[in-house]
Amino acid sequence: MSDRKPKNIFITGPISPSFIAESIQKHSTQKAIGGHSIFLGQVRADETEGGVVSAIEYTAFEELAMDNMHVIREDIFAKYPLTCMHVYHSLGSIAAGEICLFVFTSSAHRKAAMDACEETVERLKAELPVWGKEIIAGATHQWKVNK
Amino acid sequence: MSDRKPKNIFITGPISPSFIAESIQKHSTQKAIGGHSIFLGQVRADETEGGVVSAIEYTAFEELAMDNMHVIREDIFAKYPLTCMHVYHSLGSIAAGEICLFVFTSSAHRKAAMDACEETVERLKAELPVWGKEIIAGATHQWKVNK
Amino acid sequence: MQVKVLIFGQLTDITGVSELQLNDVSDRDELITALNRQYPGLADSKYAIAVNKQVINENIGLTDNSTVALLPPFSGG
Amino acid sequence: MQVKVLIFGQLTDITGVSELQLNDVSDRDELITALNRQYPGLADSKYAIAVNKQVINENIGLTDNSTVALLPPFSGG
């Protein structure tokens, strides 16, 4: 394990495009970076039996999620020559069309950044104790299931 | 071939984080999107025999590049269930730390967005007639070589 | 002896609460039995159990002030 | 007959110009010969040739107002 500490990955409410822009901007001083890979999760207005999803309400076992994210981060840094990695996940109600997940990896060369981003997304979906409650227009709800 | 027309992918000067943010923001109305994948190319301050790269000056055979990008776009849309794809490449002098390439794919599900983004990046590096002249601090230059 | 139980995700639809205290459950199996008695819907639910943030796959003893979390399948991202 | 020649990338270091006109070259091979005579450094350079935006891999005839582009290996992105 390195000396990296578990970071808080949670943001209350949607992740704004301007937050993403600021995060990108901060990397302009890191001149060994040649490629950034970003994945953004956006809430879909899925049609379900009960109606159309208008929002997803996210909750988490935050402490465990941060511990698990720390393990993922360490594994990914051990596997890929990354310059940096940032992960943010929304909590609370995120309307359809808004962004709920922001994964950002940077490396000298594109392949490492892209592979690390993809693997991080797959792992956090499987390993972080986060739950999405799909709010159906008309006051009912159902729980999201990850594929 | 679909009715999509060749688009101008070129931007003079660096691609700003705020431009990227605006592009992300515009997708909030497209509520069938579940995942966005973004690749950003950033100019590295590589150490070379002649000195440190301070900027890359990009030139292109613009008309042919747009034709070739159109073919790539059609191929990628035929292969992946994408909602949309946007590609921007800088022309002119881009300083180390600035962004020179912005590839943005969106889909209902993450896998298509990520695979399409990666394939688009690989193809455009191989197929677009664009050249990067590495400007070395101290007035000399050398030409970039894609790996 | 008191054990704190944290309930997450769709399981809160069954329990109506996201946290509760259980007395006199000395191990995981006793805890499950007590929970199923109080909330029969839990018996049909799929979830993992973490004790003090460690997911456990077999019966283990609980101590005073253990925190047990009921974790239905994750659906973040 | 006039043919327009566009020169790109590192080849402009050899030619010093990014565009020139060649007279009386009737096909690709004659064009290459004329270019190599004018700019000997081109003979040692690796590049593809596009005629009217089509990359060609064999000798073809040129017509008046053909536009020929000399394309060294791409290095965009």
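Read from first to last, the chains carry the letters A, B, C and D; within each, the first residue is number 1.
The working rule: a residue touches a chain if its C-beta (ideal position, glycine included) is under 8 Å from a C-beta of that chain, and two chains touch if they have at least 3 such contacts.
Just so it is clear, the structure is predicted and the values come from calculations on it, not from any experiment.
If you walk touching chains, what's the least steps from subunit B to subunit C?
When the steps are counted carefully, the minimum from subunit B to subunit C is 2.
From the mean C-alpha coordinate of subunit A to that of subunit B, what's the distance rounded to whole Å?
Chain centres of subunit A and subunit B, defined by C-alpha means, are spaced 23 Å apart.
Just give me the whole-number Å value for how far the CA centre of subunit B lies from that of subunit D.
Using C-alpha averages as centres, the distance is 27 Å.
Quick one: report the Å distance separating subunit A from subunit D, using the average Cα coordinate of each chain.
From the centre of subunit A to the centre of subunit D is 49 Å.
Which residues belonging to subunit C are in contact with no fewer than two other chains?
Not one residue of subunit C touches more than one other chain, so the list is empty.
In subunit A, what residues contact two or more other chains?
41, 121
Spell out all pairs of chains that touch, sorted by label.
After working through each pair, the chains in contact turn out to be A-B, A-C, B-D.
Flag every residue of subunit A that touches subunit B in the complex, lowest number first.
17-18, 20-22, 24-25, 27-45, 96-99, 106, 108-110, 113-114, 117-118, 121, 147
Could you please specify the touching residues of subunit D with respect to subunit B in the complex?
Within the complex, subunit D touches subunit B at residues 6, 8-10, 13, 50, 53, 69, 71-77.
Which part of subunit B faces subunit D closely enough to touch in the complex?
Within the complex, subunit B contacts subunit D at residues 41, 58-61, 63-65, 67, 89, 100-101, 121, 124-133, 143-146.
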